[in-house]
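Each in structure tokens, the structures are laid out below.
Each of the next two complexes has chain A plus one other chain: chain B in the first, chain C in the second.
Let's turn to the complex of A and B:
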């Protein structure tokens, strides 16, 4: 392995027999993200002063970002707007919950099964990316979670209807509530960092170029020799699995799981808003968006009570209109990279 | 056996007619504006609760309350068009999110003022009791609602096919730019289509209010039906919407009578997906309104 300093870039080269890998590290670009990540790592210390409830809010923010990041990758990679990412959150949560209460399985035992279930469902639903495009795809994905919610009510003996499944084994049993909360926070941050790294690397890689091409015009991408169906199926399935893992975490974190919390429009709109207010499909922006939305939601709920149910979406609406480039747009000083795809529904 | 079959057919046709009233406004918006009006569900909720507000809080007569509700609905749809749709017609991701947010804001505001546990009673029952159609017993109010739905659809279809306004609207649905070049006032027609589209769901909500449960989040279930019908009927095509409404109505009644009423939406979705896998553009071509 060779590490070379070229101008302000570090180049890591690995030559082993036929395997040749090169990774360019540009510290000037990841200085601010690194600082932000260190700040996130220090958050539990700050939250100790404000109370444990803030740690829970930050954990939820991390989890919301872990749903928004795969959604972002999926929107770019398939060239379609999925309005039902919460389906896989519910799938992961219910699979983990049902296995936990019926077969007394621990969190780490339910994880592989959640991945397999999400993989199978994601693979079968990924056909939608070939069958339907544009508005059709968005409409269908919008309906599926709502129909799944109805199924949870129809088979309430299995899914426990509105009350949901409770008594799910926790991910951590470390004694005190404080240590558990900190452990959950860092676990969610670890997943978030992993997802961010993955999404960012993919979008900057050759695959990212292919996804951007599919997003811009899949017919042209196909003419250029891109196997668009293979890429769309792959990205849909992988992002579905990633979203289901967030559901799995929710189930083992809260110890309960009810579809009525995650499947309606309100949860979906929160995730979609995180993607938009973060900076319209900007990977780093989604984290800022998730924290912003989660903190705003909690503050309004604490100070306004029931009125917050309509004040919160009203503020989101105003922000959506006032910040067309999202929070990332305030931070970013340069123009969009030309290659960066934008979200489009009507095609 | 015959009784069940006749009930399936009769309820299928009646439900199909009702779904026509539910979905025709959505199809009109999709067909003319070529946008994805995610806030459509709120029209049903507003029809009930705005009427109820005028009846209970302002102590007005039913006919005046309904007239004022229609005025409020028209003004609301006009404001939505001018404030959001016209502004973000090209930025669909913002438009979709903003429209959904509007729906959530209004639903939550209604739920705050009139919580779900509060009884809401709109006296729009035209005739009480049951009647027998083809051996199946059915509420007279449902039959009246179905007849109103058919009449209303016939009027809209006639206007679209026979009037000059309809000709311009159809031209607009086929190609906006060309229609503009030919002198069509696009924004005025878009606003008009938005305003017309709130009338069928308002009538539907009022006719069904005495029969079906009313709560602030009721719009979502109607919206799901409208979405399914629109997808099956080639988004924005009225001919497709009419056929799809009756197909979905028959699927709903068959599943309700033969399997489980709560599985009817799932069955309709499975049917729609299966159909799309064979014919991805839906029942008819989606390039035009008719």
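Let's turn to the complex of A and C:
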């Protein structure tokens, strides 16, 4: 293995018998995703010095990004702003929690059932992408999670209303608290990497081209021969399942699950800000956005106390105006040859 | 009967109402293979509505549309596109967040059933169409950064990329200067020869349509009032009346 510096690029060469691999890393762009990913892998070291509460904040940031990533794929692919992906977070969490409590199921046993439930609900709700457009779609998807929250209150003998379900079997039981936290961090990072890979691949493929077209103008896309309804149903259903898996992780990570935490609009605002601050539907930017929002939230809360409740959103609002292309826009090359879908909804 | 068989597109008694407004009233239109048919009429005559019905974007209230011997009334727009009808828009409607070449590649890939085509092949094909309209060096420019004339060219490239048999052109010349008009006309003629197209063309610039079209159909208030060779139609009393008013027609 040879590492050489060529024209400010690092070139890694591996010659092993017949196998010849060359791999170029461009460190001059420190936005290089791989380096950022390695930095994320090294984060638990930092928490060994700083304290465990930071590790749980980073885990939550990872999970927020796993909700935001499918959301951005969905917003691009259906051309509609969904204001209620938290419905599927709650759906995944409650399914996992109820199964785990009532039938003593392990975390990995509940996962397939969560996927099936989310698939069915997502498939039936995906009709909304055909029936409603623009602000009507947003309003309907905004109301459905709130209806679900009311249901958790009305049938509180099942859903345990405000207190939430507790005593859910944890995903990892590795003895010490420290090792558990590190395991949860890496598990969430693994899901995040998987989602990032998936979303990025889809957006670069021919489907990504179609989704960008649907996002821009679905009538024209239809007249160019694209079966838009099939694409919209597919995107909505798949992203719903991906979101529900994040809910499943929440349930088995905290050991408790209460709809009151996730279903109100405040949680959704955070996710929406992550998508927007990260870079108007740029997959890599979303992760930067998730860490930025989570860390900012925590810092403000610990230093400013109660004032942070309005300082935090106002900082984000200023950033929304000041950074029209989000955090990702700062580092993006200014000559783009790729599909470059942003959130742009007609009517 | 022979003429009926020859016709590529057959619009029979199509009626379309928007609430109380009758946009199209019992319109008949027949286009033979290889023809250029001009479709003219004053504003609001129902020309674009007729295009939308042929494309499948609107469903007619009565009547039927036949293409290539098949009844395509009530079919979905993407199915009709795959059969070989393609259109451009009056106001260019590109996908603004895609580069020019991706705009065309989408049409290449989905304009016909090409399930196994890779994105690379589609881009290669798209480059061919872009070169045909003379837009190849703008391939990596986002569509929202193109000038109005380039947008018209992009629309044409995108329409050609679906490999249509029948091309519906909706006012390509609107907002272009005379030099650009000549270039567009020359381009459309070249496209017709190269891709063996049948063209139905809505146009307001009379000079161009009289030069280009072999047959002209005139719509007025959703009804067909005249049909025939351009010179005949230009002399038709009903047509002059529709365009310039009753007094001029008598004088």
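Convention: the second predicted complex is superposed on the first by the 307 of 347 C-alpha atoms of A that agree within 3 Å, B and C clash if a C-alpha of one lies under 4 Å from a C-alpha of the other, contacts with A are read in each partner's own complex, and residues count from 1 in each chain.
We adopt the following convention: contacts are C-beta pairs under 8 Å (C-beta built on N, C-alpha and C of every residue); 3 or more make two chains touch, one makes a residue touch a chain.
Just so you know, these numbers come straight off a predicted model, no measurement behind them.
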Checklist entry - Clash or fit: how do chain B and chain C relate after the overlay on chain A? => result fit
Next on the checklist: With both complexes superposed on chain A, which partner does A:113 reach: first (chain B), second (chain C), both or neither?
Outcome noted: neither
Checklist outcome for this item: Max touched-residue count on chain A (chain B vs chain C) belongs to chain B
Checklist entry - In the superposed arrangement, which partner chain does A:36 touch: chain B (first), chain C (second), both, or neither? => result neither
Next on the checklist: Which partner chains sit in contact with A:194 here, chain B, chain C, both or neither? Use first/second/both/neither.
Outcome noted: neither
Next on the checklist: Going by the contact rule set out at the top, does A:138 touch chain B (first), chain C (second), both, or neither?
Outcome noted: first
Checklist entry - With the two structures laid over each other on chain A, which partner does A:206 touch: chain B (first), chain C (second), both, or neither? => result second
Next on the checklist: Per the contact definition in the header, classify A:220: touching chain B only (first), chain C only (second), both, or neither.
Outcome noted: second
Checklist outcome for this item: Across the superposed arrangement, the tightest C-alpha approach of chain B to chain C, in Å, is 11
Checklist entry - For chain A, which residues belong to both interfaces, chain B and chain C? => result 344
Checklist entry - If you look only at chain A, which of its residues touch chain B in the complex? => result 81, 83, 127-128, 131-132, 135-136, 138-140, 142-144, 146-147, 150-151, 153-154, 264-266, 269, 272-273, 276, 280, 306-307, 309-310, 313-314, 316-317, 320-321, 324, 343-346
Checklist entry - How about chain A: which of its residues touch chain C in the complex? => result 205-206, 209-210, 212-213, 215-217, 219-228, 335-337, 339-342, 344
Item to check | Residues on chain C engaged by chain A in the complex (per definition of touch) | outcome: 55, 57, 76-78, 81-82, 87, 89, 93, 95-99, 102, 105-107, 109-112, 118-119, 122, 140, 142, 158, 162
Checklist entry - Where on chain B does chain A make contact in their complex? => result 30, 34-36, 38, 91-94, 96-98, 100-106, 108-109, 111-112, 220, 224, 227-228, 230-231, 235, 260, 262-263, 265-266, 269, 272-273, 276-277, 280, 282
